[in-house]
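As structure tokens, here come the structures.
Note that chain A is present in both complexes that follow, paired respectively with chain B and with chain C.
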Partner chain A sequence: MKNTINEAQELGDSAESPSIEETVKKRRVVIPGEVIVSGEDYLPGDGARRVGADVLACKFGLAEEAGRVVKVLALTGAFVPRRNNVVIGRVTNITFNGWVVDIDAAQSGFLPIDESPRFINKNEMDQFLAIGDVIVAKIWSVNVRGVDLSLKSKGLGKIEGGFIFRVIPNRVPRIIGKEGSMITLIKDKTGCDITVGQNGWIWIQGPTTDAEIKARRAIEFIADKAYITGLTEKMEEWFTQN
Partner chain B sequence: MAEFKRPSGRGMTEIRKMSAKVGVIPNADGSAMFSFGDTIAIAAVYGPRLLHPQHMQDPSTAILRVNYDLLSFSVYERKKPGPSRRSQEISKVTEWALLPVLDLKEFPNTVIDVQVYILQADAGTRTAGINAASLALAHAGIPMKNLVTSISVGKQDKNIVVDLDKDEEDYEEGEGATDFPIAKVANSDEYTLLQLDGKIEPSEVKKALTIADEACEKVYEVQKRALKEVVEQ
Partner chain C sequence: MSSMETSNLTGRTFRKMFAEGKRFDGRGLNDFRAIEVTYNVSNKAEGSARVKVGKTDVAVGIKLEIGTPYPDSPDKGNIMVSGDLLPIASPRFETGPPKFNAIELPRLVDRAIRESGMLDLHKLVITPGEKVWTVIIDVYPLNDDGNLVDVATLAAVAALKTAKLPALKENGKIDYHAKPTGPLPLSSETYPITLTFYKLGESIFLDPTREEEEACDSRVALGLSKWNGKYMINSCQKGGETPFTKAELEKMMDLLPGKFDEINERLKKFL
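Take a look at the complex of A and B:
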């Protein structure tokens, strides 16, 4: 389970939902319909559109100029599944060829029996994953029919022990930090094993309940202060006080 | 005529004190509160999420489902909880007022639920509800072209006034009172709600709309500030 965080970083997540701290010129809050920049040089990216010479925001969030591209990062809202996201979900149904998993998104995820890490007899599927079990899985495709999950990677599988809780999914990049710096800090300070799903579900397992609760507090502190720059230093300070 | 004074003592185009706050409901994906004086509306947005019953799903887009209701303690005489003819109508017009700004093509087969509840009613609840719902949708990160602003204009006898409260709506002298709630896409000429309860000369409608436009700009400023405040904390 240790590598899940790093994998979430490496496998596409950093490209799709970059950390808010990424090196960019300026960031500011925009509301839908607000003009972000004017000029023909700019290209509207995610959450932006062009009207005449202006680039307007079509989402509430932080506007960012990365080179010529202008985009808006949402601050709140529901989880939208993307390929290669690592998510935490709960098994809600077992069908003849796989498991239906609630991943806290508009569509439920489906884990086909072929995507389990080892061969499973179709008659004994509930011995591998029963209804109500919580799993860490990776999204390997998103299509109109639904979200397909896989367990064929390091760090994926059924969760046992510890506890899970939820934060706002848009805050996840901040909790992980640049190349996992923030989450590594929390892991080091508390000695807990932490898995952060891109859907905002977080699993913590530690040596003692106190350590687990401390880790949760730390994560909720970050989720609360997600807009502040230099959070890693703030977090180190927080650990000296608590 | 010149001595006409509103029962509330406000100027003709003076809006009641407005306030707005975003993020009032932690469990919702987006939420907001908006108030005109003693009228307070809260709105919560959930989704995009899976739509049941399945036959209502639209594979080309998400659908918007608005539920407006007065809470039982919001009015002097206890309101029986649950949907009524009035609340169903207002739910529907709120939905139509918001839909033109939303871009829901990204989320096929899903639903976006908007719950609008009135905590305190002193007339103008649908306009406060639309303003709150528009903020809540923005807060939920739903792609939208612009915010929707809403205000009611009206007439007391022959005078055009803005943002009637309950006492003013019950005004009976002369021609009586007219309530003319409107909603529009902010900073544009696109109207998304026009209702009329009472009498107004066709020639005066234009004047009423000009006054409403000015009022909407003030509403928009309040909405804008509320959204920006969430981040600055």
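Take a look at the complex of A and C:
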């Protein structure tokens, strides 16, 4: 399988962007119910609400003032599947017309046999994907019945070799960085192939065990320090020390 | 944490890494994570402790009741260990009737403590054949990041060490308002622990994290104590399908005394 970076959308996180950083006052960590700002001039945005004259946080995360709008960027939370997200999942069942895939969301994903990259005989479905196999897939629709997956795109398919682990899905944008800067840095420094799923599962395969361990520790370092600005520089520093 | 199980893929990587003697958190195969003990976490229990080993977190409470002895042991008090795998600890745990793991955990803790002889059951008798103390040990995992059995035993023993026997009223009922009469009849000589060895491929390792534990082939839990300078195995239970070879068991036996002393030494800092 050809391994490309998953060019994930920056989900509202623009920490590495200097243009926004100029207009944004210093971010700080808030907990639910904490007063972020007081005054009628402010408008509560995502993750914030107004009580009387105060704007309170509804989520645990980073409070950010952009002009008049005050919002909270969540630091924890479950993965909410969206169309075109690339996710890493584990096959949990095989049905007559497709595979049931655990994508670590509230609903399980379904990969229809027609969405596999080549023709698969219905009697030999487990030859292509067996229970316990791990795949990189794209979400092509989210509806009440479940999440539909597809493998018909570049970089998608069954994973062979390496390992997968999980970080908190909200922190995925930080791991990827602005236009993939962070993940490219980690790939360059460790020589590993890395695929980051939007559901927080990350696949690493490297030339040596040590490189793989280092890549995982680097990613876990970022996930731990997701609330710090200027992480890419911190990461470069981290690589000189480790 | 996540509800997704460790995949076959990651399992194969673990196999390769363990063969090289490496782990993701940088520990050696037989190293424990950082141990942290907090005493008296419950104010209603007669004794309680909370032990963290890495991210695994278990709280244990000791409750004392007056009961009748079992017919086959009229001159002995009773021990009862109960455990509950709470959904707060892991997305793998559900409410409802206890599953295999939820039954096994308190049993292993019970056997390790009972057979170590640290608690002198004969001294728990109030009236022989009629009234004895029942020591109830409640195990509550708060976070499961692997190795629950070993951590639960550490917490249970720590809680026993702090437990106080309550005073009795004239009518033989427990007087919770009076000053406790003293500690439980514990031996100060031994601090029993369990060590669970896990096997994956050809490698033997201790204190796994959640993902390592799920990838493993089989395990063997050993209840250990030390009397008169001699190390003893008081209990033993194997789980999983893959057998252990004689050479592997001998390797474990070589490790036991060192590990027992090391963990006891680390626990002493908190006493």
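Note that in this section the second predicted complex is superposed on the first by the 174 of 242 C-alpha atoms of A that agree within 3 Å, B and C clash if a C-alpha of one lies under 4 Å from a C-alpha of the other, contacts with A are read in each partner's own complex, and residues count from 1 in each chain.
By our rule, a contact is a pair of C-beta atoms (placed from the backbone, for glycine too) under 8 Å apart; a residue touches a chain by one contact, two chains touch by 3 or more.
These numbers come from a predicted model, not from an experiment.
Residue contacts after overlaying the shared chain place A:Val29 against chain B, while chain C stays out of touching range. Shared-chain residue A:Val144: touches chain B; no touch with chain C. Looking at the shared chain after the overlay, A:Lys59 reaches chain B, while chain C stays out of its contact range. Look at A:Trp201: by the touch rule set out above, it reaches chain C but stays clear of chain B.
Residue contacts after overlaying the shared chain place A:Ala74 against chain B, while chain C stays out of touching range. Once the two complexes are laid over each other on the shared chain, residue contacts for A:Phe165 go to chain C alone; chain B is not touched. By the touch criterion defined above, A:Pro117 lies against neither chain B nor chain C after alignment on the C-alpha atoms of chain A.
Judged by the document's definition of touching, no chain A residue lies at the interface with chain B and also at the interface with chain C. Within the complex formed with chain A, the chain B residues making contact are 23, 29-30, 46-50, 59, 101, 103, 106-110, 138-147, 186-187, 223-224, 227-228, 230-233. Across the interface of their complex, chain B is touched by residues 29, 31-33, 47, 58-62, 74-78, 80, 106-108, 144, 170, 227 of chain A. Looking at the complex, you find that chain A touches chain C at residues 89-90, 102, 104, 132-134, 159-166, 200-201, 209-210, 212-213, 216-217.
If you check the complex, the residues on chain C that touch chain A are 2-5, 7-10, 13-14, 16-17, 20, 22, 24, 26, 211.
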